[in-house]
Amino acid sequence: MTLNAWLPVFALMTSLVASLVIFALPERGYRLRTAVNLGAAVFKLALVAVMVWGVFQGVEYGVSFTMVPGVDFVLKADALSMMFAGLSAVLWFLTTIYAVGYLEDSPNRSRFFGFFSLCVASTMGIALAGNLFTFFLFYEMLTLATYPLVVHRGTERALKAGRTYVIYTLTGGAVLLLAIAWLQGLAGDLHFQEGGHFGGADPAMHGSLTLIFVLLIAGLGVKAAIFPLHGWLPQAMVAPAPVSALLHAVAVVKAGAFGIVRVVYDIYGIEASSALGLLEPLAWLAAFTMLYGSVRALFQMDLKRRLAFSTVSQVSYIILGICLFGPVGATGGLVHLLHQGIMKITLFFCAGNYAETLGIHRIDEMDGAGRRMPGTSLAFTLGAFGMIGAPPLAGFITKWTMGTGALAADMDWVIAVLVLSSVLNAAYFLPILHRLWFREQSGKWPHERYWGRLETSAWLFWPPVLTAVMTVLVGVLASFPFSPLSWAELVVLRAYSS
Amino acid sequence: MTSSLLYALAGTLLCGIGLFGMLWLSHLLRKLLAFNIMGSGVFLVLVGLPQNQGGPDPVPQALVLTGIVVAIAATALAVVLIRRYYHLSGLTTLDEEPAFREGGPE
Amino acid sequence: MIRVVRLLILAVACLALTAALAASIWAIAGNPSPVNLPQLLSENLDRSGVEHPVTAVLLNFRSYDTLLEIGVLVIAGIAGISMAKTASLEDPELRTSDALLYALQRWFIPLMLVLAGYLLWAGADRPGGAFQAGAVLAATGVLMRLGGVPMEFLRPGLLLRLGLALGFMVFLLVAVASAIGGDAFLAYPPGMAKILIVVIESVLTLSIAMVLLALFVSAPVNDAEDPEEGSPS
Amino acid sequence: MTEWLLDGLLVAALLATAVAALLSRDLFRAVVVFIAFGLLMAVAWVRLEAPDIALAEAAIGGGLTGVLLLDAVSHLGSKWPREGRQRGGKQ
Amino acid sequence: MTLWLMAGLLFTPLAWAVLTLLTDFSRGRLVSWVGILVQALVSLGLWLAVNRDGGFYYGLGGWDAPLGIELRVDGLAVTFVLLTAVVAGACGLHAGVYIDPDKPWHRYFWPLFWFLWSGLNAVWLGGDLFNLYVGLELISLSAVGLVALGGQAGALRASLRYLLAALLGSLAYLLGVALMYGQFGTLSIAGVATWLSDHPVPAGSGMALALMIAGLALKTALFPLHRWLPPAHGIAKSPVSALLSALVVKASFYIAARLWLELGQPLGSLAAAQLIGLLGSAAVVWGSWLACRQQRLKQVVAYSSVAQIGYLFLLFPLTFSVSETVSLQAQQGMTLQVISHALAKAAMFLAAGNLILSVGSNRIDALGGVSRFLPFSLFSFGLAGVSLMSLPPTGGFAAKWLLLQASLGSGQWWWVLVLLAGGLLSAAYVFRIYRASFLESSGTDQFFHPSRSLEVIPMILAILALGMGLVSDQVLSVMALPFAGEGAP
């Protein structure tokens, strides 16, 4: 085996090994733990960068061996996997920094960071999985690794949220397993392959294929929080802010969305999915979820809960995008995988900062916080405008591309949904911004803390600032190579050309 | 039909009686009696059935000897357990809830 | 009421099972069995070292069964004496002055010892053997015990455990000795079968009697503190 | 014919003693009947041309098991003589 | 060489049983640890030998079947022998530290332990119906002795119940053997199977198989015959519980499975196969449900055994009148389930023992805060739980995957529902314990910390259970080895 074959394994191993090392470290080993954490994150970032370059050049990375008779364990890196892997690697690096600051002086950090790294490993595995079986393997591992993070605080509420989370995700996992096993029985071990496997499927199989598709989407839809399977997400807000950031922006919901992308593009194939008439209902469902999430978000007064419902809405953009038959719409959906991650993580970082620095959890407590924490608030503002879709930020690119794609696919109603959704986005974000910047502080902050020179701890300050800058850059530099947009175009090109 | 078969059929009846006893009776010693009766029934079948055709067959006879020793070992062990159980709890059945707490330390 | 219904159900189930069993035995008794094992056995009997076919089966052809079976007996003995934490051998209630028992002891014990010896010796070519002899020996012991004869050797101690294991140990040594010679486990070397079987039978008799006797006397009448889960060492 | 009669009687006696041993109200008597059952079994083994088993059954089934059980019966009930807690204890 | 290995395999546990009988606990511990090493090496050697040369029949005493007793040394058997060496070895090492050497009755632990081990080996290798009966009794009585060890009233109650169930099961099995011998005149399973393969099935022979399987099902605690298991497994000392749940119940199942695979097709019926599958499914659901409702940690684990055993019985419907592929998948799934459950359950019981040792109580709600101060034992418990939930990449998952494939492949989709529901239900009781342990209690560490060696052993077992899924293909390939057939049946 060559080094190329092993690169995906190494990418996976860095966080896995880091996780084990962290578990073994004593609780007090603060410096060493941070060093291991950051070291692993940087190393992984480097590995992913190498692979991104390689995939761009057309190099194949992959390794596989037979795990259970009849099924292989396959890791491979293609353009789509690098998209998700890149997102994870970058955002994880930042989240790790953030989490180190956020959890300073709190108990159980060894446990937290151990499972945190395990989460990265699972997400990496999901990104690099080469077939449905391997994907499922890491998908379930992610469930297990996130549970201790959700219940980290050990309060009754956290445990209750953890229970809801587990019930939802494990049930989804069981449905997914059924679908995968069935598909395996029907068609053998299906590797992810650009263009899919069912291009010219036997009409006799159409019934089973449709049913399996529904099961697959139902299983994946739990993590992707598609209506009506989104119930766990707002509850999981009790988790610490870095965990919320991770659940919402990168790992869990994205794993679901990414899985749906894989199923539509690399298992069924976009042509076959469309021919089977599977995309249209999914598009309607996604559109409904977009609006539903936004409307629910309007009525939340808890900041993190409002963001959570916003996530419910935003993830469905991705799904709607890939359901738009045609390269342009697909590009829009895929690019949102990255854009939403960057924007949403910014917002969650900021929410965490408000909570940690000022003790603010509710929106009506935020009056005047912009003056106390200008950097954080600026980042929040950028993230919020991005979500709304203001040019030239990331969200605008998404919405513009999707709109174009909808027109190309003759699905004009999507435009209306997009516009309506943007209006709703504005309706729940702008009041927050108004309070931040234009209202006077009313009374004392609920629980204020000071950290030296900056408005908050440096560990907490820089990650949101960086992601806010990225929000701007991915929008402004969208047409440059290696920008999310051009990478998404590369993926779509490969999917449609084969 | 030979007399061997008769004994084999008697063995099935003994099995039935013993099984009934093991399931129905609650006193542990009676269960033990029932076990031994059922065992005897099984042994009768084991020897009687093959001997129906070919006359004495030493193989099942040897098996039954082994079986008898196993049965007496089990019976003797059970008696020890029953007596000690009675000694500690005052019970001779497993039906009633014991006065002592089950399980380890609370 | 419920009890009666349950009784009926159980009785009917047992009856049905018995009937099915009997029917199946009736059916089986009609067909000849494809393998004639007794014939095969008598052909090989002279290679077994003993003339009595049952003994040949027990201690040569199927000696592995017997080895494990003695193991079962030893297990029962071990489990039994593990219950007896303080010896209750001198339980005064047991000493009896019953005249009948005394007479029994006086006359029976020597007789039974002789009988046990005979059974053991007869085993090679006539009905009899280690089990029967061991059982008789054990019965003798029980009789002595009921008469209040103190049997110090039955105290849980090294001697008792040695006695329990002796027969098994010798059997096992014979079994493995053949394997060291390169033959199969438990295969007696040619020409040695008879003598080995006799040796095994003798020690087995002793051990069987010991186990049964130990189980008889170790039925406990004593108090023990509760051993609990989770006692750190 | 007499053989058949003998076998039939023996089987009937076996079944009767088995039932009696299980259904007897008094545990002590049940054990005594069980010993009788063991001795009848020994006879049955003789009838089945299995003298080895007959010897073993007589020694073990009739003798040892019987003594073991009788001893147990006399002990169960010697301590904790609680009314109603056990059925068919000693006499 | 192979002959020596076989002799060593049979001789070692029996010899060590005698040796340890003559010593006290502490010295017995040293002796036993040497014995565990020897036995593990011999088992590994035999496994490698069979892996290289294929399986063979081993006639004990130099007599071949049907006159003598033949052992069937094939891939499956040696795999289980090796599994026993790993699990029993781990339990032995754990017990040596865990069990209090000062209690005089604990000296009897080692001989019973070794007898149990020898009984297990006898069953894995057994090819003779009656010999299997003796092996079963060896296992049952030593297991009962181990449960009763110490003679506490609760333990006695559980062990009596266990003993009666085991004896009844053995008798039913023996009755089946009697019918088999009456019918076929031989006790060799292979002999019967060979004869059946080229003769019509004689009348009345289904009863024998039914009786044997019913008896074995009782000994395996198949629903609704499971009631003896939880008290016995719950109250025994943790290393003993681990042995019982991991290996002892598997022994009787293994015999039933072997009988079914060899004789099920000619002698069984579709209704019987489906019925057994149905009972297995009921066990999965009912056992898991009861596990969710237990208040004591070890009771949860014990009821989980009832549920996990249920999966095994899906083998019966999935190998009856189905294609070769499906049958193979079901057999592989069963094998993996046995292996991974043995490893995971042993890990779980040993870890549970450590946790109980630490918190000084076996109640679940006493576990609050454990995740903070005793992560190691909890982690082992959790890892083992992952395998029980049959989540990837554990051996439990691989087993479930194969069973799923077999169910779908044979069109018996109703088992699929059982498999999926069983996974979710097991998650319910495992997560209940996680949940209890994550609850933050008062901030100080008042737990007893057991020695590292106690904590490491369950961890190793749990990791093995986890890794079993990754190497299952290699493990299963041993099963498919050709049979060299020395001394054909």
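To keep things simple, chains are lettered A, B, C, D and E as they appear, and every chain counts its residues starting from 1.
Methods note: a residue touches a chain if its C-beta (ideal position, glycine included) is under 8 Å from a C-beta of that chain, and two chains touch if they have at least 3 such contacts.
Please read all numbers here as calculations on a predicted model, not as lab measurements.
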Shortest walk length in steps over touching chains, chain C through to chain D: 1
Remotest chain, chain A as reference, centres from CA atoms: D
Innermost chain by mean C-alpha position: E
Best-connected chain pair, where connection means C-beta pairs in contact: C-E
Length of the line joining the C-alpha centres of chain C and chain E, rounded to whole Å: 28
For chain B paired with chain C, centre-to-centre distance based on mean C-alpha positions, whole Å: 16
Centre distance in Å when chain A and chain E are each reduced to the mean of their C-alpha atoms: 43
Separation of mean Cα positions, chain C and chain A [Å, integer]: 70
Touching two or more other chains - residue numbers and ranges from chain B: 8, 13, 15, 17-20, 45, 49-50, 52, 55-56, 59, 61-63, 65-66, 68-70, 72-74, 76-77, 79, 81-84, 87, 104-105
Contacts with 2+ other chains: residues of chain D: 52, 56, 60, 64, 68, 72, 75, 79
Multi-partner residues of chain E (each touching 2 or more other chains): 130, 134, 137, 141, 144-145, 148, 151-152, 175, 179, 182, 185, 235, 298, 356, 360, 362
Which pairs of chains touch, using the document's own definition: A-E, B-C, B-D, B-E, C-D, C-E
Residues of chain C defined as touching chain E within the complex: 20-21, 23-31, 33-37, 40-41, 44, 60-65, 67-69, 71-72, 74-76, 78-79, 81-83, 85, 158, 161-162, 164-165, 168-169, 172, 175-176, 179-180, 182-188, 220, 224, 226-233
In the complex with chain B, residue positions of chain D that touch it: 3-4, 7-8, 11, 14-15, 18-19, 21-22, 27, 30-31, 34, 37, 41, 44-45, 47-50, 52-53, 56-57, 60-61, 64-65, 68-69, 72-73, 75-76, 79-80, 82, 85-89
Interfacial residue positions of chain E with respect to chain B in the complex: 130, 133-134, 137, 141, 144-145, 148, 151-154, 156-161, 163-164, 167-168, 171, 174-175, 177-179, 181-182, 185, 187, 231, 234-235, 296, 298-299, 356, 360-363
Residues of chain A touching chain E in the complex: 23, 65-71, 73, 107-108, 110-111, 136-138, 140-141, 143-144, 147-148, 151, 153-156, 159, 162-163, 166, 170-171, 173-175, 177-178, 181-182, 184-185
Sites on chain B touched by chain C in the complex: 1, 5, 8-9, 12-13, 15-17, 19-20, 23-24, 45, 49-50, 52-59, 61-63, 65-66, 68-70, 72-74, 76-77, 79-81, 83-84, 87, 104-105
